[in-house]
Amino acid sequence: MKTKHLLWQIFGPVLLAVLLIAILLSLPIHYRKVSAQEMRKAAVSLDTATFKNQFLKQKALQNKKVNYVPFFGSSELERMDEFHPSVMSAKYYNYRPFLLGKKGAQSLPQFLAMETILPELKNRKVVFIISPQWFVKQGISPAAFKYYNGSLADLTWLKQANPHSAYDRYLAQRLITLLGSNDEVSQLAAKIAQGHQLSSLDQQLISVQHNFLWHEDELFSRFRPDDNYLNRIKPRLNNLPTKYNYQKLQTMAQADGQKHSTNNHFRILNKFYAQRVKPHYKLLAGAEKHFSYLQSPEYADLELVLHQLAKQHTQVLFMIQPVNTKWTAYTKLSLPMYYRSVAKIKFQLRQQGFDQIADYSHDGSIPYFMQDTIHIGWLGWVKFNHRVNSFIQTKQPAVHYHLKKQFLSRKWQQLKPDQQNLQRFASQIN
Amino acid sequence: MDLEEKVIKILADVTANDEAEVKAMGDQDLFKSGFLDSMATVELLVTLQDELGINVPVSEFDRQQWNTITKICNQIKELQK
Amino acid sequence: MTSFLTNLPNLKVYGTPTYFIYLLLAILPLGISLYYGKRLVKYEFLVNLVFLFLMFDGQSFPQLLALLGFLCWQTLIVKFYLNYRRQANQSSVFYLAVFLSLLPLVIIKVTPALIGQNSIIGFLGISYLTFRATGTVIETRDGMIQEIKTYHFIRFLAFMPALTSGPIDRFRRFEKDYQQLPSRQEYLQMVAKAVNYLFLGFLYKFILAYYLGSRLLPILEKQALFYSPHFTWYLVGVMYVYSLDLFFDFAGYSLFAVAISYLMGVKTPMNFNQPFISKNIKEFWNRWHMTLSFWFRDYIFMRFVFMATKKKWIKNRHLLSSLGYLLNMLIMGCWHGLTWYYILYGLMHGLGLVVNDWWLRYKKQHLKWLPHNKLTTGIAIFVTFNFVMLSFLLFSGFLNQFWFGSHILNK
């Protein structure tokens, strides 16, 4: 009797704690509101957990007071100089970018990041920045994918994945490849890939887990690092002129670029040059000679994103990133190859009705358009912001997307784009 | 001179205290109070060996068994048998 | 075979909630049988083996081989020496045995300084296993250990809960726990403590150490390095945050090790006892990383001083104890690694102990009027705490980066 009492004394509190946690994480109660400051910080935090989860993104996009515009992109979003979209919009525009994506976040992570905010994307205006550098032979690396992959987004997708949809089967196959077949998500995805419905037991387990993860996200999203706003955005606001003057800002951006790229002849930001280029300077000569962005699974991954956006009738402004031509002359990246990859990307967009494209691929030789080797900055940001602003301010015509499944095919992924090939492909799909 | 007096004298020697101060410790824990430290312990062991012919290996020295004057006396009696 | 092994998942010891779930499930049968007054010896062996394997499989597979080799080596030394000690007691043989027992550790400590990379005979936790083995040799010399069964010794040496970072148990104490099972009441008390330690460990390691070490420290380090080599207050921040992180991380780990041992019916000694309330540096070493500090005290300091007193090398006891402290702490510093900052760290604590002794004597002789009250105690704690913090800043190696590292722009 006495030992029973003792046992209860020892394990009672543990059981109680477990029970309380289970209750906390499973009851369909919402615990917290998000303040305007918190949204403002989250929008520029570039935090990976925020990217792959739901709560902060959702709350920011749902709020009525500030118009957050999702900016899907990758490493260029980390270039927070005076003319970065988050800085300039805070100073001049009536919208705020919600930055989604960092170095290595390509189409698939973006697709899954969208998965948790689908209702919020409905009929919304968004910006999507494409880097041709994504379109390498293997597509996204498994390591990069795993870094940006989160269970909440995976399960959100699995909950409504349709084994009869070519898109869902394609994604399922990609998840298995990238996560490895032992992964829990991969094992569920395998059923979809084979064209089978998930069992009701699967569905229930997904629901329970999803609910846990959702609450975890809600509760712990308050503990995420959010120092970008205070350290990198706010201090820069005072460096911009009070009144918006497009001409003056362009001159300013160029002067700024000139001032900060003095230790090299590539017009690359000094710090970037000293850290990333100089130590390997010799090795980099001719290093990109054999690079090719022409054939890649990334084209089909991008198609998933397009399909997603089309379903939500989202209005998208695409931006295509330039390369620094002084730099490519040194690394011997083939510009004809680069232009052909851009043509292939634009073909895929245009063929399906995505007509809003800010194509900067030919602007990489304009002085200070870019901040370093492959990232837009300074003058580039000023022009881009101007374009985004007019996209946001003007009422856009209703979208007419017409998706073509053939863009998922291996044939398209591997198609070598030239005038003839593209035309032939167009005639086959129409 | 009985054993306890001897022990008190030795303890006074190795800790550089008066015998009265040692006596004042009573049944307090000599280590916890900082009265005995490693250095003094070693001197205690050496003195016991020299004066009483008791051999206590350092490994055998368990602080829990030697932490009051009474316990020290008991240990010595035990080892003298 | 090898490629298969290197592909297996590797479980970081006490690293994730999953690890705890596996571990607790695995030792549950042990706990139930201990509750009913039995020890499942074979099952325990199996659990130890499986978890050792999981620690060292995958990419760390070569370490598993190193561990096996190490266990054979130490067992042979201990068995041979015990056999010899039953017949004779030559000092030279004893020193040879100690030397051989320390040899693997010496090799892996010296190798990086010589050839710039780690020795292949190293594995995670080798220091702690060496201390256990060498301690056993020393106690055998003293005649305290009369019998060592091979399996018992290996079980002691490679005791899974405390393998990678201690605490450092002693063979005689460890064996006692196996010879004498705890009663049901005793065992339940141990379980109660274990549960408490586990949760305290969670708080220390997964909340406090995580916040300090993974969140706060990188920010402060970056700021401090930005202005390096010039002093800023960020450096002071680095000092406190690093030191507290060190404590919570290590104490948390130690709590896990002790808790799991308790559940397995073994009273592994505690490693920390509120070190930051120490009133002087000597007290600090009785509260900080206790099993290591006691090992050094018993097997290095006391032995050195004992011998020097008996052989009358040095008559002046204050000089002798000072030398003992310096020797003790310098060896400890070198054990951490042969870099300037570890050695200086050892020296700093050695000198700290010397000054501390001197101060206590001086106070007793000349400052009898100095009151012993809350204020003076507080000052003592404050001074000790900050001395320790400063020594940990040295210990962290951050100053190496701060003063001699490449500038941040070149990284």
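Letters A, B and C mark the chains in the order given here, with residues in each chain numbered from 1 onward.
Heads up, the rule we're going with is that contacts are C-beta pairs under 8 Å (C-beta built on N, C-alpha and C of every residue); 3 or more make two chains touch, one makes a residue touch a chain.
Here the structure is a predicted model, which is why all the values come from computation and not from measurement.
Colleague: Please list the single chain whose C-alpha centre lies closest to the global protein C-alpha centre.
Modeller: The most central chain, going by mean C-alpha position, is C.
Colleague: Taking each chain's centre as the mean of its CA atoms, which one is most distant from chain C?
Modeller: Chain centre farthest from chain C's centre: A.
Colleague: Please work out the Cα centroid separation of chain B and chain C, and write it as a whole number of Å.
Modeller: 30
Colleague: Report, in whole Å, the distance between the mean C-alpha point of chain A and the mean C-alpha point of chain C.
Modeller: It comes to 46 Å between the two C-alpha centres.
Colleague: Between chain A and chain B, what distance separates the C-alpha centroids? Give it in angstrom.
Modeller: 74
Colleague: Within the complex, which stretch of chain C touches chain B?
Modeller: Listed in rising order, the residues are 138-139, 142-144, 282-283, 297-298, 301-303, 305-306, 309-310, 317, 320-321, 324, 357, 361.
Colleague: Taking the complex as given, what residues does chain A use to touch chain C?
Modeller: The touching residues are 3, 6-7, 9-11, 14, 225, 227, 271, 274-275, 279.
Colleague: For chain C, which residues count as touching chain A in their complex?
Modeller: These residues of chain C touch chain A: 184-185, 188, 191-192, 195, 199, 215, 219, 409-411.
Colleague: Which stretch or stretches of chain B touch chain C in the complex?
Modeller: Of all residues in chain B, those touching chain C are 16, 34, 37-39, 41-43, 45-46, 49, 57-61.
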